[in-house]
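Read through the structure below, which is laid out as structure tokens, and then see the notes.
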Amino acid sequence: MTAVPLQRRRLLAPLARIAGGDKLVTAALAVLAVLIVAAVFAPWIAPHDPDAVDLSATLSGSTPEHLLGADQSGRDVLSRLIFGARTGLLGPLVVVIVSTLLGMLIGVAAAWHGGVVDSVLSRAMELIFSFPALLLAIILVAVFGVGLTAPVIAMSVAYAPYVGRLARSVALQEKARPYIQAYKVQGWSGWVICVKHLLPNIAPLILAQSAINFGYALMDLAALSFLGFGVQPPTADWGAMINEGSPSLLQGAMLPALAPGVAIVITVVAFSIVGESIADRVARREQ
Amino acid sequence: MAGFLLRRIGGIAVTLLVTSFLVFGSVHLAPGDPASFLLGGRSASPAAVAAIKAQYHLDDPFLVQYTKWIGGVVTGDFGKSATFRQDVGGLIAARLPTTLLLIGYAGVLILVGGLAFGALAALRRGVVDRAVLVGTGIATATPSFVAAIGLISLFSVQLGWFPAFGNGGGFGDRIYHLTLPAAALALTFVGLLARVTRTSMLEELGREHVEVARSRGVPGSDVVRRHVLRNALGPITTVTGTIVAGLLVATSIVETAFGLSGVGQLLVSSVTVKDFPVVQAVSLLVVLAFVTANLVVDLVHPLIDPRLSHAKGGGA
Amino acid sequence: MTEYALEVENLRKTFGEHVAVDGVSFALRPGGSLAVVGESGSGKTTTARMLVGLERPDSGRIRVAGRDRSGAARGRATRLARAREIQMVFQDPYLSLDPRVTVAACVEEPLRLHFAMTPAERRARRDELLARVGLGEREADALPRRLSGGQRQRVAIARALATEPKVLILDEATAALDVSIQAQILDLLAEIRRDTGVGYLFVTHNLALVRHVADDILVLYQGRVVESGPTRDVLTAPEHPYTRLLLHSVPRPGWDPARIAADRRALATALRKTPPAPAPDRASERRSVTP
Amino acid sequence: MTTRLLEIENLTVRLAAGKAARPILDGVSLHVERGEAVGLVGESGSGKSVTCRSVLGLLPEGSRASGGVRVDGEDILTMSSTQLRDLRRRGVSMIFQDPRASINPMRRIGDFVAEGMRAGGVPQKDALKRAEELLESVGIREPRAALRRYPHEFSGGMLQRVMIAGALAGGPRLLLADEPTTALDVTTQAEVVSILTGLRAERDMGMLFVTHDLELAAAICDRIYVMYAGRIVEAQSTEGLFSRPRHPYTSGLLAATPRLESDQPPHGVPGRPVSLAEAPSGCAFAARCAHARPGCTEHEPGPREIDGAQVACLRAEELIHD
Amino acid sequence: GGDSAAFEITKDTAPARGAVDTVTWSLYAEPQSLDYAYAFDYHPNTVLANVCEQLMRITPDLKVEPGLAAAAANPDPKRWVYTIRDGVKFHDGSALTADDVVASMRRHMDPKVGSYWVSVYQNVDKIEKTGPMEVTVHLKKPDQLFNEEMGTSAGTIESAASLAKEGYGTPDVGVDCTGPFSFESWQKGQSITFKKFADYWDMTLEPKVNTLKMVFIPDPAARVNALLAGEVDGGYLLPPPGFAKLRTATNGALYFGPNTTAVSLIPTDLKGTLGDVKVRRALSMALDRDGIIKAAAGGAGTPAKAPGAIGAWGIAPDAAKEYYAELPALTRDVAGAKKLVEEAGASGKKVVIATSTLSPDISVIANAVQSAGQAIGLKVELKAVAPEAYTALFSDPKAREGIDLVMTIWYDSTPDPLEFYGILRTGDFSNYGGYSNPEYDALVDEANAQADPAARAATVAKLQEIAVRDVVWIPLYEPPHTMFLNKRLTGAPTSISQLVYPWAARLGSAG
């Protein structure tokens, strides 16, 4: 039957167009699309209730009923994986949005004003920078207790200087470009120049960094859940699933821990491919 | 140079002071009565609470408590762990060798693997490059705890080649015990360093002075060694600083996953039981290590790139 | 007293220890053309940037069309007023246009900022300006990356002309272009000056070019004016050794680089003993400052 | 019959298949005799650098070349890598446009100058001694101290001298100078040129001088080749070129160049320079040429000899540009 | 079901044949202290059992015998008189006296110490030295259990001199007791090493092991692998997921031993949805105990009918079986349970159960309870509790707020079922749900005053009946105690008494 491949090609076509024809990037975009669909439509897609316990299926391997097997409590791993995409994507999304906005604001402000503003903001960034993100998250967890909130806040703050440094350096470069100076000479206010010209021009690079940061945030948050500090059971979350599933490895049941592990790796790879391709395109455009 | 160093060390001191204040302050903000944390959540008699409060100076105003604590820290006294009923300094000191050995081991793996793969990819474009790119892409995306699970299930559980627990006895045994943890710890960073090395070397390979060297009949291997590798070291050193930071925190995950008793695992278990004196001390230690690593990077940079030594030396 | 389009007195600018511009004074008649020449690092760009307000002078006065513009442009009104008096075209055509803004929008932006026009009027004026620099509708819709260097520089000129300035500063505006294109742009600039009466401040290091584009010339050396006067006079009978050196350095038939090299060394030694004094001077009067 | 120092014959370079496949050079022929200074002039993208680099066997990555590039009769295009390396060390040297980019900023000046010699097996000590002499000969004061300094401590002009010193280290017979003064000030340019021409004469080297400045080429060179869109369009003696340019492009260039001693204001050539890849069929210059005829866009003009000048213009005989 | 559930209780291992130099034993965590006042959890007790001794001794077959007290007398119901054994030496060579006993016991009542065993002393009025080698404990009311508790860490005797030392019980200072092994060194985070104590008083328990090294291996998989690889010689309390592998080991054997443990659900809020006994019974009826045993306990366990483990009836093991048999059978009946819930009008009502990553069985059980609850019309929510907070659930009433149900693995330290049933009396610290029944309370007091074990057991049987009837706790299953022992060794007891009995003293070579 030719209908199937045709269908598939039609589905992938818009992605391929966005990807600029690059197969790898198309694949990465497809992965992300699948993830987003899975996260949004989880209740409709998942074959089982992620929390449904079936003690007779405990640690069953892959069966037609449970494609990716069942965990220690007999819950369907695939369904949990699908639902896990929700916290898996939501946490990093918040982290990336907040840290990007914060970082851009700080970085561009520092670059644009220079002088005292720059040195104060740069010092502040350096200070936060000396707190590794996970450490900050762990401290906040120690103080405010486990859950997604404290880590997300901590990482939004801790990731901001990474964006901020980049934003500052590209904004400095961009600011020195004659076209920005031409706008100054035309009489535009600094505010308008920043918002209308400088930001849009540095945004793709920062977006690229943010896409890559998304992957890191996902890894960090999953690590926190793994340590038992992040998303709490019974909520299906990849990191928590690995934590819950790792004792089963002893019983030879790999899927409950390995499946979410692979999901994390694939997601992070997809995000970094997309991020790098954005950066590549910016670089090519610069030439 | 000496001036620069002094200024940087002063900067580090300020950073540490501020971070210690922030850590101490945020811990102070924690909801609940510190005394009840110290009692491990047991509802105790008022007399017991009073005794604990006196012992840990919990009745003093915040600033007094902070001053007492930081004063102690300066003299090497990090206070007493609530759960272990021991000096925090001793607790950390006992676990530091494992952590340092782990980091050192992983560091060697990262440097050797990262540089080798990165250089290989940069110099052998085509299939090798693609393979390295894919491999490092996956490596960078593999969180250490996932790597730990994978390595344990393959090498300890299935194959039984490596022990899955413990720190080991003598040096050789320790190395043997730490191999899997170090590999799990290193994986992400090997990928990262390899990618940076590759990019950095490719950038240098495209530079005009490299072509000039070729145009003068310098053999390829010399060109790579003298003009490409050496010049590519700048970004590599910078990312090494970031890697050190990552390593410091990732050890807590890896140590937990492998049941190693190191500083990272101490941090995690102390957070779990809200043993704040330990959390404070370890945090401070991590920050100290991190800023020191960055200082070292900044000191190494001018050695690699003479343009920087000029600028810095002149400023002092 | 003649009303100068641009009048500069005793301008001085330092960057840290380094004195970039030191006691520079000159004046530009309305519709006149003044060239600022000098070797790399002599302070040409710094001077130009101070004139358009991109850099603040440490001291000295700048008067544009009789109004003082020495201070920083505080407030929207002064900023706009200054922009309507003086504009600038930058050296690198590849970096002086926002890569995300089409040619048409690029020219319309200053119109929108400075003049209350209906959209139709604005479009008309834009097309007029683009036609003025020899660009058609096809180029109007394009993004800068689709244009050649020469075309971009035309866009930059049209954009600068949009505010109808009295003075246009051209900082090596043709240096990045091929000679055949450079000549086109020079033609265009001459035509515009004839038609609109805008005054030019040419910043360049190419003396051969100065001869054809400027009425007056100002020679900068290490941030100071060493000689100034009508172009023809200065080029035919340079008084300052540095001007002479500059002149001799221009390649032409019978050129003797060895002698120039010797002169240059001699000048450097001489000037090390007595650095050039600042010249409080009007460009209209002929005057050289001896070492 | 003696062989020529450099003989480029019908050199065609194209980037190989793939998305970026395109021609870069088309049938370029030129030669340099021993002790002769030859200019190669053209606007950006015309292929001057590619021509120049091909002499060292440095072709763009992924390109294929046909034709011949012979130095002392030996074809570079067919040389083994050892032979090529030897040629680069001793036979031919090149000076690049941007000295700051061409010298490794992280290594000492001495390393740079001595590097070619070291590669050729000269002991470190001797190489450094020789480097010192070379630096002295290009007019660097305190050459011994300079050996231990880093590139960022030098000005552009000084660095270009270092570059020249490095190029002279192997005692080359042929010097390729690819716009060696474009990045420099006029006064510095004069100084560097004086050193270059002086040394050339002193050592009796052949020199291919690449520039886009006709006046500069005229001041240095005996003969000049003019390039447009990957092809040589005219070759003549310097005086001939200035007094009787044969190709409309050459005369256009001359007219566009502002000159100190002429009252004629520069006149632009309409349109813009194209690279070979963009060039339409026929004469690449036809679209900008005031004298173009319908035939010009159909037939590609081959080089012809007219009064000792090589010209690639269908109408060369009819048109006399003065 | 199936073969994985089949397991056999081994009462004890064969006696040791000869000496071995070094034995390495695994612990699942590092003790935070060796201070007996804080030895409340499995791992510190496993260590201390070999090092410090108690007034009484609880044997592997769960009998209470004289320990450091050569005799314990109960001259009147409100007095316990202990005659201290002669010729007992501390590890430092000094002799055991009544002063040491008084100092050791009084510590539990000192609020500054904050002993975890304070509740054992709740009925104690005062402790006195009544002779050079005699100590008398005056009670506020009759307390038979007290004497049995003297076989646990509550009755540990430490030299008074070492108690006064700064840093007592820490890795640097260690302890100075009378047990068969003496503290040698503590490698923080890794291991604690003990040496055979040459002057040990009890000739029958002379150690055959020279050096005893306890290593800490928190990760379950690591622990199992270390045992399989022979890197450690043995360990107690093995992780259920590892049973399958350990059973098939060639280098050693997995033993299931007698236990006093029952796994139960504690309704912690008898004013909420679970206040109605019908709802509690319904939930109990709806549970799939076999499934839970398979998923949470690796198949090793028997469904429990009562919250107090049958294994905890050491004072009357045979009678216990009869009492137990009389208890109503627990058959799974989801439909019936649903009806009960409807009768109680509790359909759709919320029940919150605590879950935690502390150990996998907690979450498996919580998940199973949720699914059972949903099936009978209750709205069961899981509340994730941080690992540290999970322990707090049992000590801090505030931590239990908003939680209806907590899973517990409850073991008795003594072989007396009263230890467990006593906590369900009104106002007891561990009566988490606040169960109150005057009849029950009276029976508890009655039992505690009965010196005759058989009579006491009969009274406790009544308590058991009431507790089961009222479903004060919901019993799940009774797991066996577990031990893995390398085949080169033998002698270690398999029963849970290893927590108080010097088990390592019996360890020796198998061949």
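Order of writing sets the labels: A, B, C, D and E. Residues in every chain begin at 1.
Heads up, the rule we're going with is that a residue touches a chain if its C-beta (ideal position, glycine included) is under 8 Å from a C-beta of that chain, and two chains touch if they have at least 3 such contacts.
Protein identities per chain, from UniProt: A, B = ABC transporter permease; C, D = ABC transporter ATP-binding protein.
Bear in mind that the values here come from a model prediction, so they are computed numbers and not experimental data.
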Remark   = Chain-touch separation of chain B (ABC transporter permease) and chain E, in steps, is 1
Query = So which has more C-beta pairs touching, A-C or A-B?
reply = A-B
Request  = Would you mind pulling out the distance in Å between where the CA atoms of chain A (ABC transporter permease) average out and where those of chain B (ABC transporter permease) do?
outcome  = 22
Query = What is the distance in Å between the mean C-alpha positions of chain A (ABC transporter permease) and chain E?
reply = 46
Averaged-CA centre spacing for the pair chain D and chain C, given as whole angstrom = 32
Message = Which positions in chain B (ABC transporter permease) are in touch with at least two other chains?
response = 152, 157, 257, 272, 274
Message = Show the residues in chain A (ABC transporter permease) shared as contacts by 2 or more other chains, in ascending order.
response = 145, 228, 246, 249-250
Remark   = Going by residue number, chain E touches two or more other chains at 221, 386-387
Request  = Check the chains against each other and report every pair that touches.
outcome  = A-B, A-C, A-E, B-D, B-E, C-D
Query = So in the complex, which bits of chain E are touching chain B (ABC transporter permease)?
reply = 30, 32-33, 35, 38, 111-112, 114, 116, 167, 169-172, 187-190, 215-219, 221-223, 225-226, 228-229, 231, 386-389, 391-392, 395-399
Ask   = Residues of chain B (ABC transporter permease) touching chain D in their complex?
value = 207-209, 211-219, 222, 226-227, 230-231, 304-307, 310
Remark   = Touching chain A (ABC transporter permease) in the complex, chain E uses residues 220-221, 224, 239, 241-242, 244-245, 288, 291-292, 294-296, 355-357, 360, 363-364, 366-368, 370-371, 382, 384, 386-387
Message = Taking the touch rule as given, give the residues of chain A (ABC transporter permease) at its contact with chain B (ABC transporter permease) in the complex, in rising order.
response = 126-127, 130-135, 138-145, 215, 219, 222-223, 226-229, 239, 242, 246, 249-250, 254, 257-258, 261, 264-269, 272-273
Query = If you look only at chain D, which of its residues touch chain C in the complex?
reply = 43-44, 156, 185-191, 193-195, 197-198, 212-216, 218-219, 242, 252-253, 255-261, 265-270, 272-273, 288
